[in-house]
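Sharing a structure here in structure tokens format.
The letters A, B, C, D, E and F name the chains in turn, as written, and every chain counts its residues from 1.
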Amino acid sequence: MLSIAIAIAFAMMTLAQLLNLYRLFKGPSLPDRILALDTMYINSIALFVLLGIFFDTTTYFEAALIVAVMGFISTVATSKYLMRGDIVE
Amino acid sequence: MNHWIVLPLLLPMLVGSIIILGVNKDIAWHRTLGLANTIIVALIAGYLVYLSATGPIQVYVLGDWSPPFGIVMVLDQLSAMMVFITSLLAVFCLIYATRGADKLGKNFHALFQFQLLGINGAFLTGDMFNLFVFFEIMLLASYGLVLHGGGVKRTKAGLHYVILNLVGSSVFLVGVGIIYGTLGTLNMADLAVRISMASPDDAALLQAGGLIFFAVFALKAALLPLYFWLPNTYGFTSAPVAALFAVMTKVGVYVILRVYTLIFGEHAGVAANVLHPWLLPIALVTLVAGAIGVAASRDLGRTIAYLVIVSVGTLLAVIGTFSVDAIASALVYMPHTTFITAAMFLIADMIRQQRLDAGSTLTPDLPVKQHRLLGLLFFTGAVAIAGLPPLSGFTAKVMMLMGVQESSSVAWIWGLVLVSGLMGLIALGRAGSIVFWKTLPLDDSGKGAYEKKPHESAPAFSLSYAFPAIALIAISPMLVIFGGPLTEFAHQAAAQIKDPVQYVTAVLGSDISALLNETEGGR
Amino acid sequence: MLIVEIIVSFFLLLGAFFALAGSIGLYRLKDFFTRLHGPTKATTLGVGSMAVASAIYFSFHLEGISLHEVLITFFLFVTAPISAHFLAKAARHQRIHEDKGHPDSD
Amino acid sequence: MSLPLIPLLPLLGALIPSLFRSRNLNAASAGAIAGLSLVLLLMQAPAVFGGEMPLESWSWIPAIGLNFAFRVSGFGFLFAFLILAIGLLIILYARYYIAAEDPMGRFYTYLLLFMGSMLGIVLSENLILLMMFWELTSISSFLLIGFWSYRTDAREGARMALVITGGGGLAMLAGFILLGNIVGSFELTDVLASKDVLHAHALYPLTLVLILLGAFTKSAQFPFQFWLPHAMAAPTPVSAYLHSATMVKAGVFLLALLFPVLSGSALWFYIVTPVGLITLMFAAYMAVFKDDLKGLLAYSTVSHLGLITLLLGLGSPLAAFTAVFHILNHATFKAGLFMLAGIIDHETGTRDMKRLSGLWKYMPITATLTMLGCAAMAGVPLFNGFLSKEMFLAEALEPNLFGSFSWVVPLGATLAAIFAVAYSIRMVHDVFFKEEATDLPKKPHEPPHGMRLPAEILMSLCIIVGLFPALIAGPIVNVAAGSILGDALPYYTISIWHGFNMALALSIIALIGGAIFYMQKSRIFDSHVWFSRYCDGKAHFEAFVAALVRWSRALTTRMENGSLQRYIALLVGSVLVLGTAPFIGSSSPFLGNVAMTQVDPVTLVMGLILIACTVATVVTHRNRILAVIMLGTVGLMVSLAFIRFSAPDLALTQISVEVVTIILLMMALHLLPRATPVESTPTRRWRDLGLAVLAGVGTTALMMAVLTRPYETISNYFLEQSVPGGGGTNVVNVILVDFRGFDTLGEIVVLVIAGLAIYALLHNFELKAPKVDALGRLWTSDRFPLILASITRPLLPLALLFSAYIFLRGHNEPGGGFIAGLITATVLILQYVASGIVWTRPRLNFDNHIVMAWGIIIAVLTGLGSWVVGYPFLTSTFEYFTLPLIGKFELASAIAFDLGVFLAVVGSVMLVLVKLGSMNSPDAATVSPTAQAEKEEAKKGAH
Amino acid sequence: MELLVSLCLGVMMACGVYLALRGRTFPVVVGLTLIGYTVNMFLFVSGRLHTNLPAVISPERLNYADPLPQALVLTAIVIGFGMIAFVVVLALRAKGELGSDHVDGEKEEVR
Amino acid sequence: MLQGNRWLPHPLMTLTLIVLWLLLMNTISFGHIFLGAMLGIAIPWFTNKFWPERPCISKPMLMARFFLGTFLYDVVVANVNVVRLILQPDIGKLRPDFFEVPLDAQDELVISILASVISLTPGTVSSEISADRSTLIVHGLDVPDKEEAVRNIKTRYEAPLKEMFSC
């Protein structure tokens, strides 16, 4: 039963990624695209988590956490670029 | 385990870092540390040459992980010689840099130590991926040094140099991927053993891997059509850096020599002698192109830069015949051309400084202030470069001409080496004539023309300022006077290179190298 | 063990549903500021819930409890509003709300 | 050791004359050195005349057959004697000739260099050694000819001489190597004895031609004759020396030296004879029309060299004998004549025969001496020149030369003799007779006696030899010729009178014909002008060099157009060619036989997303920030791929590096144009696209080729040894910090260098940032939004804890010093983003330089620790300890090593980002510790 | 799977090369970054594709992915990062010195 | 509540770090408590300058009730709500708009937490804090009544937050 749930979840997250990709490409504004990228980061965490359960391993935990941290920093920096141009000032 | 072998790497690494610690300290502090260490490294390198000449190939097993699993440094005669050339050259370049060039920007001395580390590492390492790492150390340090001081021309040339080499580094990794993906190892000796036993099915793939490496090495060595970055990079960077870089192209030459004798050499089974059809023609064309560039040059710095290309073309054309005699002769030519081109970069710099506005461009201008000193140095250097006696260029050239006699392309090599020598002679004669003789105000009649005055504000150099150039030039007659031992050393080194079994035995032990012998005998 | 599987499956599917809904919002909604709501809330909760599913799963599948996945959830909840705030600020700076559907500004 | 000293004394002592200021000391020291050499030479005379050949030899560079070996053959003795004796006279003469303003010391230095080189040529026993001296004469003569370097003609003459003779030298070098190889030795003694071996060898023709090229260029034989007249731009002592006894004679010396081994073939005859003959006639003809005294003498010299060459070409022993004799005679009169020409120039201020005339009245002694010399040159009986010339004519009349064309040689010889008489008459008549010159630059008078003395000595010799040839010249010529010809030395006594014969008749015809020709000269003169101009090789040479330079420049600028795009395209193209070539026509299959694995839908979609984003990066690349965002997506997908294919460490690294890169790119983008303009032509874009697609196809193909093949890797060792040997379960990390720790050490060095180099690049550098964003709006005034600052500050300790976790776990689980370092650096940078440099810098009050340097130092010291206990650098150790309460834990040296990695990463990343950030933040400069230190330094400097 | 990965790498390489051949420093840097990703993947994949076999030793497992290429790629990623960082800053310096962000420092600047 | 000193500047943070460490490590062995304590002491010591002010939590119980009760409940409801809005067939019916919330709170941390909480709960994203920190500009996904929304935020979130952080 769990494996079915995982399969469905995988399918849903893959679909989510495709939708994010649509927004990434479609835009139309830069914040839209950054938002799409940010969402892709977060959805990737979901994929890592799924993979971990699927393979029955916790080895991917660090990766998931790092993706969370780095996705956040990346979004903040990009937004600041849009607002100020200067990221580190 | 002979710890001396890794000292030419560890000392620059450590001292370079210590220099960084004193980032806000007085420049004198940086200079003292840097110079003292460079001299020590040169002395150690000298000892390593002695060691290599008097004993078998030595292996330093880093981390005590027996090869092929760990990384090894391998000291054979070739690597010892190259490390010594580099370290000795570095001493003189650094002394010259301390006359002021090191103050043009930040962090010169630390970068210089890391440069030394990178080059020495590339020579000593016995591991293909570690070679990549040292290439990158060497390159990144060189980027820093090339751009040291800044300026429009330097920056543009540097940009080209950097980007091209970045692409080159990527290609290197593709090469590593291919050979690792087929042979499953990285240690050069182990690669040699495994490639000799590779399946015929893998022939083309392995050959492609081998040749893709060549593209990278050719870029480093500056072979046609991949040398176009060199004239501006060398011509426009600061003199001590350009002088040190005289050995950088030789890293490319060294690696070609190493990889295509050890791994893709005669015993390499399905990938044997993969470079043979390519190297000689490419090198010869490079030689010609370099000579044309020398003739075309309007600037002394660039003239010398093209001479670097000529020397690479010559070296690789000779090496391209892959015979012991030829390789030996190339190894005799190697120190000569490195030291002399380095000296010429320094001399050109002194000339440039004394000609003020005209700089190193080849147009008539007021005489240089110290025409006697600089004239003598330039003239001696030119004689050496042009391969005229009694300096080392001549003995090296003779040995090369003799060394390639067995080659089927001997006529091409002889002809082009000799003609390019003549073109160098014409160009250097022209350059020297313009700089030292055709001085303003132009005057065809008057006696007393020796009274012509140089720029008043031109700097005058003390002998100690000129010392590095003088010392480098003085190496040339030394190479002739001690030509007997030198050529003997080169011959042994060449024999060692052409017999990879020695190398493989030293690294992997005789059990495995026996495999190599077997496969060789089997073919 | 079945009950664990059911709980895990539930959290996984619920999480995936929310996360997908967030992305659907991103896909469907008409202007940037409305689109911002989906990923900020739904996706955060969704992925957070999947992390919780993982925590539950591994707490029962390995020796000892495994709660570190909860950290992911925690981190997402702390950072998602900041990201959203920043993006909104950037969008307001670009005055996307004034002329709707502004094309790429750069 | 006395033999080598003969050439070495002048060479090593060459600098001595330059040490003195006094002109007399200049000359005296030069003379002393040459004199000493002469004494040493004469000490060999008894042996040489006793029929021995002194020989001293030391091995030098066996690899190139080079021995430090000298010999004094009779022929060498003759030459060495001429070089030293005439050299001494030249030294004396130059003392008066060289003007006070000219650097006399330097002149003597060059002269001694040249003298030593010449002596080396004639005394060498070893061919390679000979070659060294040979090229040395080219070099030293270059310096001598260019002595008056401010004159264009001197510079050009010198360069031309260098290039022609130097170039010929290269050919000769090749010839020598062939010769030595065929013979099996480079020792002259062996070579000279190997005629049969050489002639039988297939490479004999090539060897001969190459050696002849060297000899002909040096001796100014047709068609290389043109450099010599232009070498007359040298001071006259130089001309007198180089073009009488020495430099140009080196060529004929060599021909004579190798005569025994090279000659005796049809090829030798058919090359050497015509060349000599043409040179002889052509140069003699040209000499008649030269207005410049030295020009006349120069062409005369060329002509006489042609004569000697012709004699050697004829190949008979007697001809060779005559050649040797003529070498001696020509040296004597020609050196004297050059000196006299110099005296005339020196005392009148001109050498132009159109201006000079009627000097007899002012310089009778000089005139007399000149007449004696010219008589010898013209071959008037009772002078030495007559003797050898008559013998030459006799040889020329030998039948069987050229078969039915046997008349050619005597005819040519006679014509040349006629011209010789004519120019000799002209030199005397035009200068000393005719009406008195009126517009001379100086008032003419006799020179100081010291200047005339050398000429007097030489002219006396001309007469004495002419009168008593057998007595004075006989022995030395016999010895000299004997050393060449050996047993073949003809029994021949030199004498004035050989009775009436054909040769004498020709001599007489020449004398009369020459006189007539001189009288008719003006008639031919006009027609000669174009000929003279056309035949001056100098113009051709200069044009050739200019064309060479022009052509080289055109080619170079076409190849190196300074376009990086082209260079990259070439690099990519080269890789493509090299990578493809082995597959063409190869019998090995392209793909291996390992089956591919199944694709799952999730991976497939992610792969397609990766492809889509990659393509989008290109499509959007003109809008730069957009391309950066697309690139970020690619990076994310790559890290997903790493996770998918079991490489968590790589995913961690990739994603961290990715984000830092994106930040860096945006920081740069702030200071760069935000859009990329359309510049390249469609053709160019198609070309690039083609290249790109090929590169892509190549990558795919190679990857497929690798992936479908089986392979055996050494990695099992790492998997087996990781826990027992390396003390860690994360094999990737154990490889990094242990098995291949040296790579990692190198890797952090790269990072540190990057930090250093970037810092240096940004130091004292500013770039204006735009005041408005891409839409033309002012930037938000809220520099540091509240919510970010107040949340990230409490988050910082948590993030650091996380990085400590990643660091400590690294050895056993994905993580390690590098990733921990990146996390630390990014969260610290986040503080900068949130709160600004002014706020953050004082709170992180350490210099990042020092952090990263300690990183390397700690790593290296950790590695060095193993030395102490006798293990190689970087040998790791680990131990499990059990402490009460705390329990079992592991201490590994690899952790210390990883700490070094951590510090290096933190330091370098921070250094780069903060330096880049502060570049355009004026208030940032106030808080940088480095800036403060610099300020203090500046203050110190001000005091 | 192998084909998919190879195709991805091919596209990445093609796009990277195309961008590296552009005339302005910024797209070139982006191109070099792409090429960097590609070759890192290439080297990694040369150790073959492994599913769920991370090279972390644990008693339950028998098989592991090839850890060596992973370690190499980790090093390569770091080095590549250093290089890219340098070239980015160099691009800035070049813009400042040459007055244009063209790789040859020639063309008029277009905003 | 917990007062720091020179050696332990942030006792609460130290505690948090120890707990986090154990969470990360997934164990509660004494060795890890020890290690966590060492890190928990060392890290605040290093980062003290970044966050010298100790948040003063006057009412920890209220805080717990707020975050585990009101907030968590609202998050779930918010999500269901948002998902419903997103997935409704006619998204044209949405009435998105900006509205301004006047702020009583002045503490930076409180404002930040308020802004975050707003973003995570029903249909609102805080998108700008005015320069004088007097108003918070919020975007609502579906705002039929602005005043109602403002009132809701102020009473449901701002008031308790102010209260729990007021010393």
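To be clear about the criterion, contacts are C-beta pairs under 8 Å (C-beta built on N, C-alpha and C of every residue); 3 or more make two chains touch, one makes a residue touch a chain.
The structure presented is a predicted model; accordingly, all values stated were derived computationally and were not measured.
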Using the touch definition from the top, list the chains contacting both chain C and chain F. D
Chain nearest the overall Cα centroid: B
Distance-maximising chain from chain A - centres being C-alpha averages: D
Looking only at C-beta pairs in contact, point me to the busier pair out of A-E and C-D. C-D
The chain whose C-alpha centroid lies farthest from that of chain F is chain D
Rounded Å distance between chain A and chain C, as computed from the means of their C-alpha atoms: 9
I'd like to verify one number: the distance from the centre of chain C to the centre of chain E, where each centre is the average of its C-alpha atoms, in whole angstrom. 30
Go ahead and note the Å separation of the Cα centroids belonging to chain D and chain E. 40
Multi-chain contacts only, two chains or more: what residues does chain B have there? 129, 133, 136, 140, 143, 147, 150, 159-160, 163, 167, 171, 174, 177-178, 180-181, 186
Chain C residues touching 2+ other chains are 17, 22, 24, 36, 44, 66, 68, 71, 78, 80-82, 85-86, 88-89, 91, 93-94, 104-106
Send over the residues of chain F in touch with two or more other chains. 20, 24-25, 115-116, 126
Got a list of which chains touch which? A-C, A-D, A-E, B-D, B-E, C-D, C-F, D-E, D-F
Listed in rising order, the residues of chain D that touch chain A in the complex are 601-602, 605-606, 609, 612-613, 616, 625-626, 629-630, 632-633, 636, 639-640, 643-644, 648, 651-652, 655-656, 658-659, 662-663, 666-667, 669-670, 769-770, 773, 779-780, 782-783, 788, 799, 802, 806, 809, 813-815, 819, 823, 826-827, 829-830, 832-834, 836-837, 913-914, 916-918, 920-921, 924
If you look only at chain A, which of its residues touch chain C in the complex? 1-2, 4-6, 8-9, 12-13, 15-17, 19-20, 22-23, 27-32, 34-36, 38-39, 42-43, 45-46, 49-50, 52-53, 56, 58, 61, 64-65, 68-69, 72, 75-76, 79-80, 82-83
Which stretch or stretches of chain A touch chain E in the complex? 55, 57, 59
List the residues on chain C that touch chain D in their complex, please. 78, 81-82, 85-86, 89, 93-95, 104-106
Per the touch rule above, chain E residues touching chain D in the complex are 1-15, 17-30, 33-34, 37-38, 40-42, 44-58, 64-68, 70-75, 77-86, 88-93, 95-96, 101, 103-104, 107, 109-111
